[in-house]
Each structure stands twice: as structure tokens, then as C-alpha cells.
Amino acid sequence: MDEHRSSIELRLPSRLGFEKVAMDTAASVAHLMGFGPDRIEDLKTAISEACINAMEHGNKLDETLSVSIILCMDADSLEVRVVDTGDGPKGHTARPDIDKKMHEEEAARGMGMFLIESLVDEVEWISSPPLGSYARMIIRLHPASDSTQAQES
Amino acid sequence: MDEHRSSIELRLPSRLGFEKVAMDTAASVAHLMGFGPDRIEDLKTAISEACINAMEHGNKLDETLSVSIILCMDADSLEVRVVDTGDGPKGHTARPDIDKKMHEEEAARGMGMFLIESLVDEVEWISSPPLGSYARMIIRLHPASDSTQAQES
Amino acid sequence: MQEKLTQVKMEEVRCGEMPVTVLRFAGDITSASRTAVLGTYEGISGGPKHILLDFTGVDYLNSSGIALVIQMLIAANKNGQVIRAFGLKPHFQKVFAMVGITKYTTIHPDEETACAAYSG
Amino acid sequence: MQEKLTQVKMEEVRCGEMPVTVLRFAGDITSASRTAVLGTYEGISGGPKHILLDFTGVDYLNSSGIALVIQMLIAANKNGQVIRAFGLKPHFQKVFAMVGITKYTTIHPDEETACAAYSG
């Protein structure tokens, strides 16, 4: 195994609340790699949202189905795949529109994928039926530009 | 899946230092289950020692070999198996003798299995070659008696 | 298995002359917090004009939890109530700003500045 | 990948009239800490009679790390030195007691009481 490419895997049942275990595992790995506390908070939220989506939409909250979280460490980045047994999201992420939400023209929910995109350096959703689907996120130790600024609409 | 029997699995490469990820994952699970902070510290140390032994003695620090940590939650106890690819320890745990250690009649090391035994409610080492071996620990939410008192020699 | 859920405590305070209802949240705010967030709000909705949300004790807040806060803001908007908030950890302040909630409620650093804003 | 290792800082202090060498550890004490623990000890072994170990900054200590502390105690014993310790988190105090180290070194709750013990 390449010294700079270690991989850690966590498998959870699809039960809401257990995403916290994934958050803490990922935070531990990121801490070992030298990520700072703010970036670790970003990662935790992104992983939380990806796990909840995998449990809820991918595995339909069937607790006998697992969500896998695969953490691949490079010298200067962490790649996280959150794998479920479903078909993956259709279409791409809509940016939440707070005005529409406040006027009930858009559901109050529907912010998870947007938050993931805003908080990590790279993300893609990959569907490979019948095997399942996964969100693949990358978070870098030294991002080229700071992409995590709060972006107000 | 039984509501009271969920299981979580973590897989780590055999690299010293990565036992901290197992400690944090187990702490997160124990926290979800309602374990108090002192008992979580006991669990963390027991898991750390079991993982280090699995990496060092079981997998001979070969990073391509994994250590698996399987956490099974019951309503009032947590069972943890730490699995490696080796044959398991021969014979049973010797209680460290600090006097012999101080007089160099016994190695300074050799306290891991004793600590595990002292800190959890139950432990056994199970060898099932050629599949591997594992330490199986149980820690209870409400132990019948407090077995974690410091025992001075 | 005991899962840590949402806790909420209601308090009537005065900010200067202004009567304010404070909802103090602790623990998690997630999809499991509907009753704690919206139920509590509905319980007080007849009365106060000014509502202050205290997030000091909140460790974990996800997008489903934020959606509940948005639903509370929608209802408050209809009822002509003003909601302010304080005590959000910096990371969650950033997340609130990302989704744009800060356009419809003001996030204050602490209770004192939030309270002072009512008499401003 | 940056792994957090052991940090150690050496200080000469006076406890009352008594010159004491303090080794302040931070981070982890594990099998990777041989140089930080035994190397540092050897560097000072010619001199001081009184050595004080400060574990305040230590977050993680495992049985291999404790074995290094035992090896330091063995060497100090041979050199007629007295080692005291303080700042261990309660869990690690319990672990030190379990393995019996407390028979060969005294664990104090803080620097003040440890220092006072030299003049006692």
C-alpha cells in the first residue's frame, strides 16, 4: 500500500442519528491528517448530509441496508465516498431560494446537496445501478482558493 | 434488523496511530447509546490496546492487512470485536508485576491485555485460523458491580 | 439505547421595556425535532410579538433541522412576529448565511446584543 | 499527512529552595515517543536530583507509552533521582494505578502540590 494512500471504511445501518458516527470518524481522520477545526466542521456537515441522503433517499430508511463511508487519505487531500444501494439523485443540485421558501413556493427542505457542494472542494454524485450510488467528495488541506465563504443570495 | 441490535463496522489499515480513529468511532457509538464520559474513556483505552495488538502482533504491521472493528449495540451493552488476520495470543494474560518491571526481571511492556481485562466488563480472545483471530469485549451500560476500580498491587 | 434528542425551554423575559419570549434549544436539531421546534412555537403563537431563539446549547444542526427553523420563520412572518436568534456556533452561523436565512432573521452573537436590538 | 507527535519542553524551576527539572509533555505518548521520553531523560540525566513530569498537555497515552515512563523510572531509580508527576487526566491516573506505577512515583493533582511535596 502506498504510504500516501490509506483507506478507512465505515459501515452503518440506515438509521437516522447514526450519521453522527460517520461525522466523528471522519473528523478523527481529518484531525490525524492535520485539518484545522473549521475545515473539520465543514467536512462533518457535508458527511452528515450525504449520509442522511444515502439512508433516506438511497436506502429508504431500511435498516437492514448499509451505508458505507470510504475515506481515502492522500498526502494533501481526503476523498470521501458515501455509498448507498439506490439509484442516486436525478438531475443536479438546485440552489435553495430562501425567498421562494419563505413564500411557500418551494419546500422548506432541499438544502442538503447544496450544503455539500458549498462546503467541500469537489463533489460529484455517481450512479452505478444495480450496484448502488455514491456521493464522492474531496476536501483539501490547502485549497487553491477559499470556496467555503458564506454566499448570501 | 432487530431494533435493539444494530451493528457498525470500521476497517483500518495496520498503521500505528490509526487506532485513534477506532477510539473516536467507538466513543461516538457509546455516546449515542448513553454511556457516561468515564466509561467512554475506559472503552477508548481498551479499544486502543486491542487495535494496537491486532496491528502489531496479529497483522505484523503489514499496512495492506486490515483490522476490523465491529460494534454491536444492544439495549444495554456494547459488544466490540477487534479482528486481525493472525493466530491470536497464546496463553492467557499475565498481570503485570511492577516490582519485576522495576528490577528488570520482566519487560517494561506487556500491559495491553491486562488493561483491556481491567477496563471492560468481559473480554475473550478467540482464534479461528486460518480466518484470523479477534478480541471480543463487552461493556455494559449498567454493570452489576463496578469492575473498573483501580487495583493496586 | 438512549438517544440524545432536542431539549427546549421557554422563558418570558424583558428586553428593556419589551416583553420577549425566549426559546432555549439544546442538543440536536434534526428531522426528529419537529415537535420541539414547531410544536413549541405553536404553543406560544397566540401571544408574543417578539421571539428570541437561543441556540447556545445546540451541538448538531442539520439541513432538516434548518428546514424546521424556516417553517417557524414562515409562520412567524404570517403572524407578524419578529424572530431573532443568538448563540449559534460560528460554523452554523456560516451555514445559516449560506442558505440565506439571515435575510429573514437576525443572528446575534449573544443574548445581550440580541436583547439590546429590541430597544434599538 | 501530518501526524501529531509528542512534544516535550524542559524547564529548570525552584520548588522552595529545591532545584527541580520539569519535563512538560504534550500530545501523544506512545511507542513513537521513545526519543521524546527516554532521549530527553538521557539528555538531562547527569544533573538533577529532582525531576517533575508534567502530563497536562497529554491527550493520549497508551500502554507502550506507559512502558517508556516505566523505563524512565528504572533509569532514575538507578541514578538515585526522584521523579514526581502531575497533570494526568483522571482516566490516566486510574490506568497508572492499575499497572502499579504509583508504587514508584507520586502522582500529584497539579504543579503547586507537586512542588510543595519537595519541601515537605
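Order as written gives the chain letters A, B, C and D; numbering starts at 1 within each chain.
Basically, contacts are C-beta pairs under 8 Å (C-beta built on N, C-alpha and C of every residue); 3 or more make two chains touch, one makes a residue touch a chain.
None of these values were measured; they are calculated from a predicted model.
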**Item:** Touching chain A and also chain D, the following chains
**Value:** B
**From chain A, the most remote chain by mean C-alpha position** = D
**Complete:** Rounded to the nearest Å, the gap separating the Cα centres of chain A and chain B is 30
**Prompt:** Using the average of all C-alpha atoms in each chain as its centre, how far is it in Å between chain C and chain D?
**Reply:** 48
**Item:** Interchain centroid distance [CA atoms averaged], chain B/chain C, Å
**Value:** 42
**Message:** Where in chain C do residues touch two or more of the other chains?
**Reply:** 3
**Item:** Where chain B touches two or more other chains, by residue
**Value:** 17, 20, 32
**Fill in**
As the complex stands, chain B meets chain A at residues 1, 6-13, 15, 17-18, 20-21, 23-25, 27-29, 32, 63-64
**chain D contact footprint on chain B (complex, rising order)** = 16-17, 19-20, 38, 41-42, 45, 48-49, 52, 96-99, 101-102, 104, 107-112, 114-115, 118, 148, 150-153
**Contact set on chain C toward chain A in their complex** = 3, 30-32, 60, 62-64, 66-68, 70-71, 73-74, 77, 90-91, 94-95, 97-104
